[in-house]
Amino acid sequence: MKIRVYVSLKEGVLDPQGKAIGHALNSLGFQGLGEVRVNRVVDLDVPADDSSAAIAKGEAMARALLANEVIEDYSVEVVA
Amino acid sequence: MTVTIDAKLAQSFGLTGGEYDKLLTIMGRTPSFAELGIFSVMWSEHCSYKSSRVHLKTLPTKAPWVIHGPGENAGVVDIGEGLAAIFKMESHNHPSFIEPYQGAATGVGGILRDVFTMGARPVANLNALRFGDAKHSGTRRVVDGVVRGIGGYGNCVGVPTVGGEVNFHKAYDGNPLVNAMTVGIARKDKIFLSAAAGIGNPVVYVGSKTGRDGIHGATMSSAEFDDKAASKRPTVQVGDPFIEKLLIEACLELMATDAIVAIQDMGAAGLTSSAVEMAGKGGVGIELNLDAVPQREPNMTAYEMMLSESQERMLMVLKPERTEEARRIFEKWELDFAIVGKLTDSGHITVIHNGVTEANIPLAPLADEAPIYNRPMVHAEPPRHISPPADPVGIEHALLTLIGCPDLASRSWIWNQYDGSVGGNTARRPGAADAAIVRVDGTRLGLALTTDCTPRYCQADPKAGGAQAVAEAWRNITATGAKPLAVTDNLNFGNPERPEIMGQFADAIKGMGDACRALDFPVVSGNVSLYNETRSPTGLAQAILPTPAIGALGVIADASKSIGLAMPDNHDLVLVGEIRGELGQSLWLREICHKEEGAPPRIDLVAERHNGDFVRAQIEAGHVAACHDIADGGLMITIAEMVMASGVGCELLAPPHGLPIHAFWYGEDQACYVIATKNAKAMLSAAEKAHVPARKLGHSKGTSLKMADGMSVSASRLREINEAFFPKFMGEGA
Amino acid sequence: MKAGIVVFPGTNRERDMAHALKLITGHAPRMIWHHETSLGDLDLVVLPGGFSFGDYLRSGAMAAHSPIMAEIRRFAEKGGHILGVCNGFQVLTESHLLPGALLRNAGLRFLSQDCHLKVENATTPYTRGWKSGDVFRAPLAHGDGNYTASPETLQRLEGEGRVAFRYSTASGHVSHDDRHANPNGSALSIAGILSENGRVCGLMPHPENLVDPEIGATDGVPLFKGLVEALVA
Amino acid sequence: MKIRVYVSLKEGVLDPQGKAIGHALNSLGFQGLGEVRVNRVVDLDVPADDSSAAIAKGEAMARALLANEVIEDYSVEVVA
């Protein structure tokens, strides 16, 4: 089952990348953008019988490795 | 806010009952929340040095070449040609355990700011690292993150990382040490200080915006770790090396004008400590208007803004008529620039937010009445010197074991992740010489840079260990041909409220001071990190090994004449100094006999100086082709490292009678060097004339390290074993 | 030779490059801030190493959109000579002045070490200081140096002699899968390439850091000597 | 309007990071995973009247800066 683990910086944590990209987009003429945040998604194909098992696996992997819970949050969704 | 401000709240901020009473006397009223915050960070161990100050005062800090000693953002020494070297070391231990990448990265950022805030362009970084047992399951995560973080930050700002040191020991399992050092160069007559002056002058904030980063970091780093550490996690700060790079360039551009009256980086306790220190040093008052502070997040309180440890920010006092010129420079570099206040004659720090005075504290008592403790001490009896135990494995086996063990294995896996060549002035990169050599731009001068400390010696005998750390740093600089000038330190210890820890601290400083005096090697800057302990779930506190890391700087007149450790073919090898076979606390004892016992090697500071001055004179006279001091692992390891550095082998003579063979080869005797020279005879007679002990060890030739008894190990085999540890440990398989 | 060095926010090897150019050509190059919109009269434009805009997003991506790049593109169209080193190479691929892209190093770690480069085509202004097959040493220092391009592009580069430098061992042995020979895992061990007209060159390692005998060696000198010969003649 | 720009390596372009993560997950005991890919998402708040305008803006930003079409594909979706 294909899942997507979405890993994002916790609110309030500085995102230097997002800041720089927002700046660059602005000077390319894309104005009025709010905060820009750059996050990471990990696409995986996990052996699981149903969605909830797949999601549980994704969450376990996020906790074990994919997300750095000190500064990052994660969420998991089934994509196919 | 609806909290009650009382002694109990103060305690949760880290202030003792007595300290809170003192605060009440100074204020004559109950403080506001923001005021309590300001007191608590200014009186924290990190900012006030309350436990360490009485001892630090005993260190020698003066020499004719010292321009500024402790008390400024970094130490400043005269290196000739109208130039000064500015350097300091600082720890980021606790943040690096919580989030190794960001902890180490922001550590590098912080120490860079301490140096460029004084007007210096940073030209070199070093890092002294202590990790837990390599077999401990958590160690790999910390090593990986710390090394990536140091590289990630230093590489991006474009300052070469040229040296450092690494140890592994179980005492650091839950409390690694990350000590970062930066060296910069400035014109001697263009040094910027932090004392504010000029009533009415604008106070200007530059750099990144303020967020809720690391609030209470300064007090957190003074609190022991326990399993509550997890709940403190949101205080992690994220570094932005790109902004730091811009900040360096913008500050140096502004410093080329004469707009700046005073400047100070925002380090621990951010706006609070920078404002308090600048105004306090200048004997003036300061008024801050927080509405003007560039903010990254909405609805920040005065408390949050005053205590935020957002990175990459500086505070300056400018000449009013030059403010617009300064603004233009910072706007060119696309950095925030805001006038956030002015100097006053009130003698107070006044903080205004949304029209409300959130804090109003008299500065003189805040500084003068800061707590100072002469904490109780217990001095442990140093262990006795041991006589060499029997050799269970033989010389060759010990060589192959030691050369591959975590504390002696090649660190190339680490330094290959650090940009060592940016700047184009790195004459000796890590592994090439006992100290890194960085040429000073536009001159032939070379800076010789090193960091040193042997924590297992300090654990056994803090005084001897403190002295040894200084002596080794001095020796490493000497071995390159440079003249050692001055020291910065980073004193990492456990909980000072425990008398045995305080005893270690005082004794280590005593040893350091003795060595600094004997070697004319003053301490010009430094940092103290206490409470490096982990508390197990059962409540038992486990302190780190006492680790007074020494960073040191020397100068050589011509960087291209510095000496490295790569041994050329067809040279005589000469030992300078006397080997007594000191196996107490040696790596041989630990790795071969699995014992950590006995006294560390004797420190003879007179011999240290005498032997070192002789070696330097021989280098200056052009008689030395390679040189390496004896340290961890002893003489055999010194020779093996020289063989590995060049790939040239050697034939060694039989060791002298009267000492067990393994004690001669693996004793960690101090004040000793191995020199490769064209002609041993001349070297030996010069040594005799100078009353320096010396003996011929052998001759370089071939591609194997060969002993008189027939043992032979090829340079390539040595290298293979030496380089295997790190990739294997990190699961990367070479 | 009139050379200019473009400085983006975050560029950090501009001084190294200026030092090398000054040492070898005798003339200090002009420093060009990325906001400038004119190059003036130059024989050579250099995009130096560093972390332009922090190398956030992708290395070189934001610099490729800096105001000066429009002018550099015109300069290229008129047949100007442009050298991009490390981050400069990344900027050139991001702005499509050179084909392909530079991905994360195969080992996923920043690499700072000496490497050896084999000169593949010694008939260009950038390589004429060597003979084809010569091997020289150069420091490298990058996290994203793993060259990649479509099979067709790679084939064209090979066929048209546009591979300028390849990673090799000290003895000149090329081996794509061996990290000692090809440290970052680049396709076909490619370390440096040329544009169609041979006048735009990008390479990852830093010959400019090895031009001064006082700092160790002079392996990088032929690059600059060759450029002087080619561009001042 | 909040949009999310997904940027992923084109098929056929090696993703060493994904490979390394797959490897690490495997040694942590997560077996039977297929290919693991690590991609980037940029979260932005764009001024736009309707979804299709927002998506068009996202695509323009992806083409201009966020994706390198030599090696990457992109897709844009509205998240709120």
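Letters A, B, C and D mark the chains in the order given here, with residues in each chain numbered from 1 onward.
To be clear about the criterion, contacts are C-beta pairs under 8 Å (C-beta built on N, C-alpha and C of every residue); 3 or more make two chains touch, one makes a residue touch a chain.
The chain list, named the UniProt way, goes like this: A, D = Phosphoribosylformylglycinamidine synthase subunit PurS; B = Phosphoribosylformylglycinamidine synthase subunit PurL; C = Phosphoribosylformylglycinamidine synthase subunit PurQ.
None of the values given here were measured: they were computed from a predicted structure.
Participant: Select, from B-C and A-B, the pair of chains that is joined by more C-beta pairs in contact.
Facilitator: Counting C-beta pairs in contact, B-C comes out ahead.
Participant: Could you state the distance in Å from the CA-based centre of chain B to that of chain D?
Facilitator: Inter-chain centre distance comes to 41 Å.
Participant: If you average the Cα atoms of chain A and of chain B to get two centres, how far apart are those centres in Å?
Facilitator: Distance between chain centres: 36 Å.
Participant: Between chain C and chain D, what is the separation of their C-alpha centroids in Å?
Facilitator: That pair's centroid distance is 29 Å.
Participant: Where in chain B do residues touch two or more of the other chains?
Facilitator: Those would be 240, 242-243, 334.
Participant: Spell out, as numbers or ranges, the residues of chain D touching 2 or more other chains.
Facilitator: Touching at least two other chains: 64-66.
Participant: In chain C, what residues contact two or more other chains?
Facilitator: Each of 53-54, 56-57, 62, 65, 107 in chain C touches at least two other chains.
Participant: Graph of touching chains, which shape: line, ring, star, complete, other?
Facilitator: Graph shape, chains as nodes and touching pairs as edges: none of the named types, so other.
Participant: Which chain C residues qualify as touching chain D in the complex?
Facilitator: Interface residues on chain C, with respect to chain D: 57-58, 61-62, 65, 93-94, 99-101, 103-104, 106-108, 146, 148-150, 185.
Participant: Show which residues of chain D lie in contact with chain C when the two form their complex.
Facilitator: The contact residues of chain D facing chain C are 13-14, 16-17, 20, 64-66, 68, 70-71.
Participant: Enumerate the contact residues on chain C facing chain A in the complex.
Facilitator: 53-54, 56-57, 62, 65
Participant: Would you mind writing out the residues of chain B in touch with chain A in their complex?
Facilitator: Touch residues, chain B against chain A: 98-99, 102, 208, 211-213, 233-234, 236-240, 242-243, 296-297, 310-311, 334.
Participant: Could you pull out which chain B residues touch chain C in their complex?
Facilitator: Those residues of chain B that touch chain C are 148, 151-152, 155-158, 240-243, 245-246, 333-334, 412, 415-427, 439, 441, 444, 559-560, 732.
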